[in-house]
Amino acid sequence: MSSVSAVVEDLVAANRILAGLGVLDGFGQVSVRHPDYADRFLLARSLAPELVTREDIMTFDMASAPQDGDTRTPYLERFIHGGIFVRRPDVTCVVHSHAATVVPFAASSVPLKPIYHMSSFLRTGAPVFEIREKFGMTDLLIRNNAHGAALAEKLGDNSTVLMRGHGYCTVGGSIPEAVFRAYYAQVNADLQQRAIALGGHVTYLEDEEARLYDETNRSVIGRPWGLWKAKFA
Amino acid sequence: MSSVSAVVEDLVAANRILAGLGVLDGFGQVSVRHPDYADRFLLARSLAPELVTREDIMTFDMASAPQDGDTRTPYLERFIHGGIFVRRPDVTCVVHSHAATVVPFAASSVPLKPIYHMSSFLRTGAPVFEIREKFGMTDLLIRNNAHGAALAEKLGDNSTVLMRGHGYCTVGGSIPEAVFRAYYAQVNADLQQRAIALGGHVTYLEDEEARLYDETNRSVIGRPWGLWKAKFA
Amino acid sequence: MSSVSAVVEDLVAANRILAGLGVLDGFGQVSVRHPDYADRFLLARSLAPELVTREDIMTFDMASAPQDGDTRTPYLERFIHGGIFVRRPDVTCVVHSHAATVVPFAASSVPLKPIYHMSSFLRTGAPVFEIREKFGMTDLLIRNNAHGAALAEKLGDNSTVLMRGHGYCTVGGSIPEAVFRAYYAQVNADLQQRAIALGGHVTYLEDEEARLYDETNRSVIGRPWGLWKAKFA
Amino acid sequence: MSSVSAVVEDLVAANRILAGLGVLDGFGQVSVRHPDYADRFLLARSLAPELVTREDIMTFDMASAPQDGDTRTPYLERFIHGGIFVRRPDVTCVVHSHAATVVPFAASSVPLKPIYHMSSFLRTGAPVFEIREKFGMTDLLIRNNAHGAALAEKLGDNSTVLMRGHGYCTVGGSIPEAVFRAYYAQVNADLQQRAIALGGHVTYLEDEEARLYDETNRSVIGRPWGLWKAKFA
């Protein structure tokens, strides 16, 4: 199997896994940088992630324009993906989600912080992108390259960016890493909310603890990925 | 397939989708205006939505009286549907639900407000219908045309009306739109509750943001609808 | 089918329905008064409700003693059922559950109250049985006729009694009614909790509203019961 | 079937049951002391619990070193199991989990306490292991025998130990007992959280009540275990 074919297989799996885990519903997307061309990325045509197959994958350039004369309808928010791939050469995969537990943190002044090792990737923070700051009143979608660049700037060198009134994105150096982060951002939001509701003092991870676990995680991330592929892909 | 036949098919799908999404359980209903006669609407006989088939669909007039000599048992609350169809010529579909996350807002002085773009349809507010105001002590059901008219008056030009001690209704210009709103009203209630529980400042959508997204939503609403039909109908 | 055979069929269905709805897990029971002998009741042998079949049903007298020389292991808490059947001749069916959302109310000074029409049966209150009052330190189970009588006394003429540190019971004039109440007590507890957490003023049902709906409910209770039988039994 | 074969069968069942109940996801483990050699224990190779079969079970000594020249990749956290088996000769089974409702208590100053009889095993407390105290900044994992011994020391004679920023462990005198405790620790955390959120006074179990139920539980624990095996194993 060629490298592209294997990547497309994992991208399709990621779509189904994220739907199966409840991270994506009828909305949201997952993209991957092209394995042969760093200035191209792969993303499904506008379709519910649970229904995506190999045949639905399109190729885009860094301006999020469809390639190869592909005239199928792309996602309105493909500019999220192009914007991040341009600014972050280290990123291989981008997930955009509206998952229920994270949206409240995107609307709240309370920051999302790592409450256990699984969400160590949140250690540098999950900044909130406020689209009003640069663009005033919008429909909240990332609809063009200016929006995408502003979102990517807010993401900075972090793994996660929250989007006020909208959702969030996670990025990773591989498809499993970005999917893992999208899922555990959702879990962490639920756990953090529960911890706050207990009314006592909450201890979050120290940066050094989270940094150390992030390294460890590279050696074990294949385990949940293998389980998720077996269950959902 | 004739227009009526296609509408009945979508109405049956809406029943099963709303049950599959947990918006309806053994109670609640979804109706659609007759495609050929604006003064008629279609609604199942008194039956759990999950079990509804084509054969269960009845026709009603604007007074919510069964037509064509149909003697099957209708829903007690068919007057919800007639009341709204009379007052709102722009409405094609009405959903009435007791969904768990919304009922608390119907009982609380805290208003339901849009926390993300998916619930932009809440931008003009979700007024609370207090049946005691006009009718004193009742069993809380919308049992006659006076009840239905009062509920429709409280709904006004909004997309959603909460019913104290009871549930809520959403309306739409199409079956997918009303179903979408019934589902995302439920999601928004959960998200808003979670945001409030965090204890910080919560930013809701500005009216203009919600208005802009509402327009956008018309072009993408087929995506979740297609997914839901594939999964539940 | 003889009357007993039909009742046993519904009792088996009730076991499976309550498990399917998440009201019962490996623990809890549902019983029914014998249709021919008012001083006998039917209850499964000690078995997880989800696994109960016709062959598992035993007969007990009002002292909760197994009849007909049946030597199979009965539930430790059969005295809940005998105690209530003795004191409440109007009761046909008793459900005992540890369902998650209700247990917190059994441990809290905050009373369970009806937040919507579906839980109108809570209108006269859901008193909390504190086993310590009469029996001091126990394992919290209703293990003998004295415990059963005390629990039934606390239940009084209500439909629901909470048991501190343990769970709750609902009763009904029929199997569907007691099952309906067991399920909607659980839903109401969740809704009431959510309404309290919003932090505003909460409006509960007036006694007269709840009384009126309770009457209505008799004509529609067959609808969820039919759905539940189709799905779970 | 030899004793070892039966124990392995139950250990595989425990893996699948804990996954089915949502106590374990792609992470966490369950181990059992070897039935013939008190200084050996059985634990799967590094694999998602839901996928574990008989062939995946490895044998370890009390230093958590693989036996019989087995070169398959073991769990990084096998030292949790060795550490506890060394210190607690009464323990036959150890479960380690990151289950969602318990992690908040591991991060909070609010202690986990038994709110109903099912969680009587919490009566002596669920101390929180703070790995920083002895080891400073780590990746939070129990990676060596010093970590394992410190965790076991914090567990003491209790049935449950929480791990700050990480998860928890439960132990039992049998596989069903440790599994039961892992599951009901998770349920209790949810119930206790809900009770606290109601804002009233919360009554927890007295030590004597919990001690008495713990004895009772030995006679009924086969019931949920049988159900879980039928559903998930």
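Letters A, B, C and D mark the chains as written, and numbering starts fresh at 1 in each.
The rule is short, and it goes like this: a residue touches a chain if its C-beta (ideal position, glycine included) is under 8 Å from a C-beta of that chain, and two chains touch if they have at least 3 such contacts.
This one's a predicted model, so the numbers in the text were calculated from it and none came from an experiment.
With rounding to the nearest 5, the Cα superposition of subunit A on subunit D corresponds to a rotation angle of 90 degrees. Each chain's centre was taken as the mean of its CA atoms, and the one lying most distant from subunit C is A. The geometric centre of subunit B is 32 Å away from that of subunit C, both derived from CA atoms. Centre-to-centre separation of subunit B and subunit D, using mean CA positions: 46 Å. For subunit D, residues that reach two or more other chains under the stated contact definition are 197. Partner subunit D is touched in their complex by these residues of subunit A: 115-118, 187, 190-192, 194-195, 197-206, 208-209, 212-213, 215-216, 219-220, 223-228, 230-231. Of all residues in subunit A, only 25-27, 46-48, 50-51, 76, 98, 100-101, 103-110, 132, 137-141, 164-167, 193, 196-197 touch subunit B in the complex they form.
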